[in-house]
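Okay, so chain A shows up in both of these, paired with chain B first and chain C after.
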Partner chain A sequence: MENLQATKLTLGDLIVIFALIGIGLNLLMGRTQASPAQVIITSTDRQITRIDITEERIIEVEGKLGKSVIEVADGKVRFVNSPCPHHLCMKRGWIDMPGDWIACVPNGILVRISGESGFDAVTP
Partner chain B sequence: MKNLHFVLPVAIVVTLISIAFLSKHRSQGEFYRDSCLIMDTVVDVNLWGKGDLDARSAIDSAFVSIAKIDSLFKEGMVRVSWSGREHHPIPTREVLRLADSLYRLTLGAFDPTIGSVSRLWDFSDGSQPPQPDSLKAGLRMVGLEKMKNVPGKDFILDVGGIAKGYAIDVAAEVLRNRGFESAIVNGGGDMRLLGKRPDGKPWRIAIRDPRHPGNLIGYIDVEDCAVATSGDYERFFFYEGGRYHHILDPKTGMPAVQCQSVTVVAPTACIADGLATGLFVLGPRKGFDVAKSLENVEAIFIYADGDSIRLTPGIQNRFGELASN
Partner chain C sequence: MKGRTLAKMGMLAGGAVALYVFEAMLPSPVPWARIGLSNIFVIVALFVFGLRYALVVNLVRVLAGNLLLGILLSPGFLLSLTGSFVAIGIMGLMRLTLVPPLSVIGVSCLGAVSNNVTQVCIFAFLLARSLLVGPMLGTFILLGVGVGVVTGFVSARIVDKLQLERQSLLG
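For the complex of A and B:
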């Protein structure tokens, strides 16, 4: 320590120092590379289906009243059909915001897009 | 690469700052979230805690407390007489007491006795408004003052909305009593916010665009309060070119027409929910005056034309507009 000025650091040393700090921070914070959002479909029996939101898929999910039909396309998701009386889930239309959800409560099916919207909550 | 003697101290300082940042981040606790389909909606409980077992157990207790209250208000309606209300369980009595307060605060625009009219409406696709005769008959049983004047007669009270708010409040208190200071109990967009965000900043709550629910019109920064929105876009149908939604004016029994949505910030979710309904019925002029006169209450009105927004003075500096996407 008495002759700190004699330390000769190369450009490589600098890169290594800052890379190590960056990697350490990432590991400690538990951050990972951003991956495409997923559509997470939960049915009454807590069965969970995950679909990459970039896929083009129509999926049938069995609920309390019958089958709900859910469409994933163009980075969005919606209920196409559901055996509920008021079809509030279908009226909601497409959603594409991370963290947003649509539920068919009578049929016990919840569709959520993974990730965070940047807000703590959305009303209503 | 000569004279790089400053690099080592800089690296040490950066590392120390990083450690300090991380230690602050860790002191905020871990984030826990669970969801449940209950009360005809999705209830999310978000909290920040330091022990996995404590947090999960607290979330479970919050859901149990909601389920208990939900079982009392399963249909959203309660048939009760003014004199007979004391024989009901404590949560029902408490909701009726709050309904009475909300009736007075909103000059009768929130009226729980609307139940005898709202049960005549069906908001499924392809529905029609009730026949004028049945609407007229239903309206004879609307009016909290009437109910008080005929204490032994049963009235049908529509308390589904404020009962949901009450359940959210009870669940939030369960979390607070367990020592959690940063938490959100969110029942389908009507929510109670405990404390502040774990980083010390206020909660940032986004508001949906009533005509394009996939878009957001703005956000508010708030802390230790409740937020609720009444909008005309969740339950509605079209009939002969008219749009009929579920927020009914107790004077006419017909949908209130002056707003697309009203968002209310209030101390509890039950009050916020009831006020949002009442202020929606009153509209952006009269409702604005009522909201402005109430302590610890703020409101955001989106007019029926969808082009104008009116905010009470106390929320103006905490509102941020978002460009529609």
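For the complex of A and C:
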């Protein structure tokens, strides 16, 4: 009759159950805050600079026409200065959404925030 | 296979198919997500008759169940086939090897969770690479633990009864 203990929880059972609950909760909570997005700056000579968007930095990137100045602050990015004729990149202002980007076409510089945009399209 | 064992196997497989089909009628928020009550019969087969019999009961359950539901060879069928066989493999292994020994309930939990994890992994790999797999996996692990405890408890009662009967028959 000593076999008839199947309904009783053993220590091993409790360990397994709590370990699995722990793993489950960890996966459920842990991945929800993603790692901080990165600012990816590409220039015409294929040089790529990556900066965490949480940093506070002003960097200069060499382009076809000259130096562009890009500022990363408060989780946002913008072109501060660029030697292009119309300054469209500067007029774009700050961007902060994953997947958003600013291009300075005359100077051949692309600034992109890593990640997928959650939207199909964004209008200003 | 002796006649008595054959009859019991038939009952287990039949019960598993019946529950499998019944369960598919219950409303579910996610397609293909099922409670897994029919696993009770697979677990009973594993504990009372052994791994080989559990594999047979499971094969009959998945093939006949999906045939009756009309979704044989669909993606859902492939998910449940692979998931359940991985689960049985893990249950068969864990039943024998773990150092603090597991009862039916712990083994059932591991089985339910490994079934869910396998299915989520295959699903994520084949169909939804861009989805957030982490939270989905977490949800299904937690669901697996809950379902595993319930099915494990019911299975344990049946295993007890069958073993009691077997011992009284042997004298």
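Following the convention adopted for this analysis, the second predicted complex is superposed on the first by the 86 of 124 C-alpha atoms of A that agree within 3 Å, B and C clash if a C-alpha of one lies under 4 Å from a C-alpha of the other, contacts with A are read in each partner's own complex, and residues count from 1 in each chain.
We adopt the following convention: contacts are C-beta pairs under 8 Å (C-beta built on N, C-alpha and C of every residue); 3 or more make two chains touch, one makes a residue touch a chain.
Here the structure is a predicted model, which means the values were calculated and not measured.
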Touched partner set for A:E116, first chain B, second chain C, both or neither: second
Touched partner set for A:G108, first chain B, second chain C, both or neither: first
First (chain B), second (chain C), both or neither touched by A:V16: second
Partner chain in contact with A:L88 - chain B first, chain C second, else both or neither: first
Contacts of A:M97 with chain B and chain C, given as first, second, both or neither: first
Which superposed partner A:E56 touches (first chain B, second chain C, both, neither): neither
Of chain C and chain B, partner touching more chain A residues: B
Common interface residues of chain A - those touching chain B in one complex and chain C in the other: 4-5, 7-11, 13, 17, 21, 24-25, 28-29
Residues of chain C defined as touching chain A within the complex: 47, 98-106, 109-110, 113, 130, 132, 134-135, 137-139, 141-142, 144-145, 149, 153, 156-157, 159-160, 163-164, 167
Touch list for chain A against partner chain C, complex: 1, 3-13, 15-17, 20-21, 23-32, 116
Chain A to chain B touching residues, read off their complex: 4-5, 7-11, 13-14, 17-18, 21, 24-25, 28-29, 42, 44, 85-88, 91-97, 100-101, 103, 105, 108, 110, 112, 117-124
Parts of chain B lying in touch with chain A, wherever the complex brings them together: 1-2, 4-5, 7-8, 11, 14-15, 18, 22, 25, 35, 37, 40-42, 44, 46, 123-125, 184, 186, 188-191, 193, 197, 203-208, 213-214, 216, 219, 227-231, 234-236, 261, 263
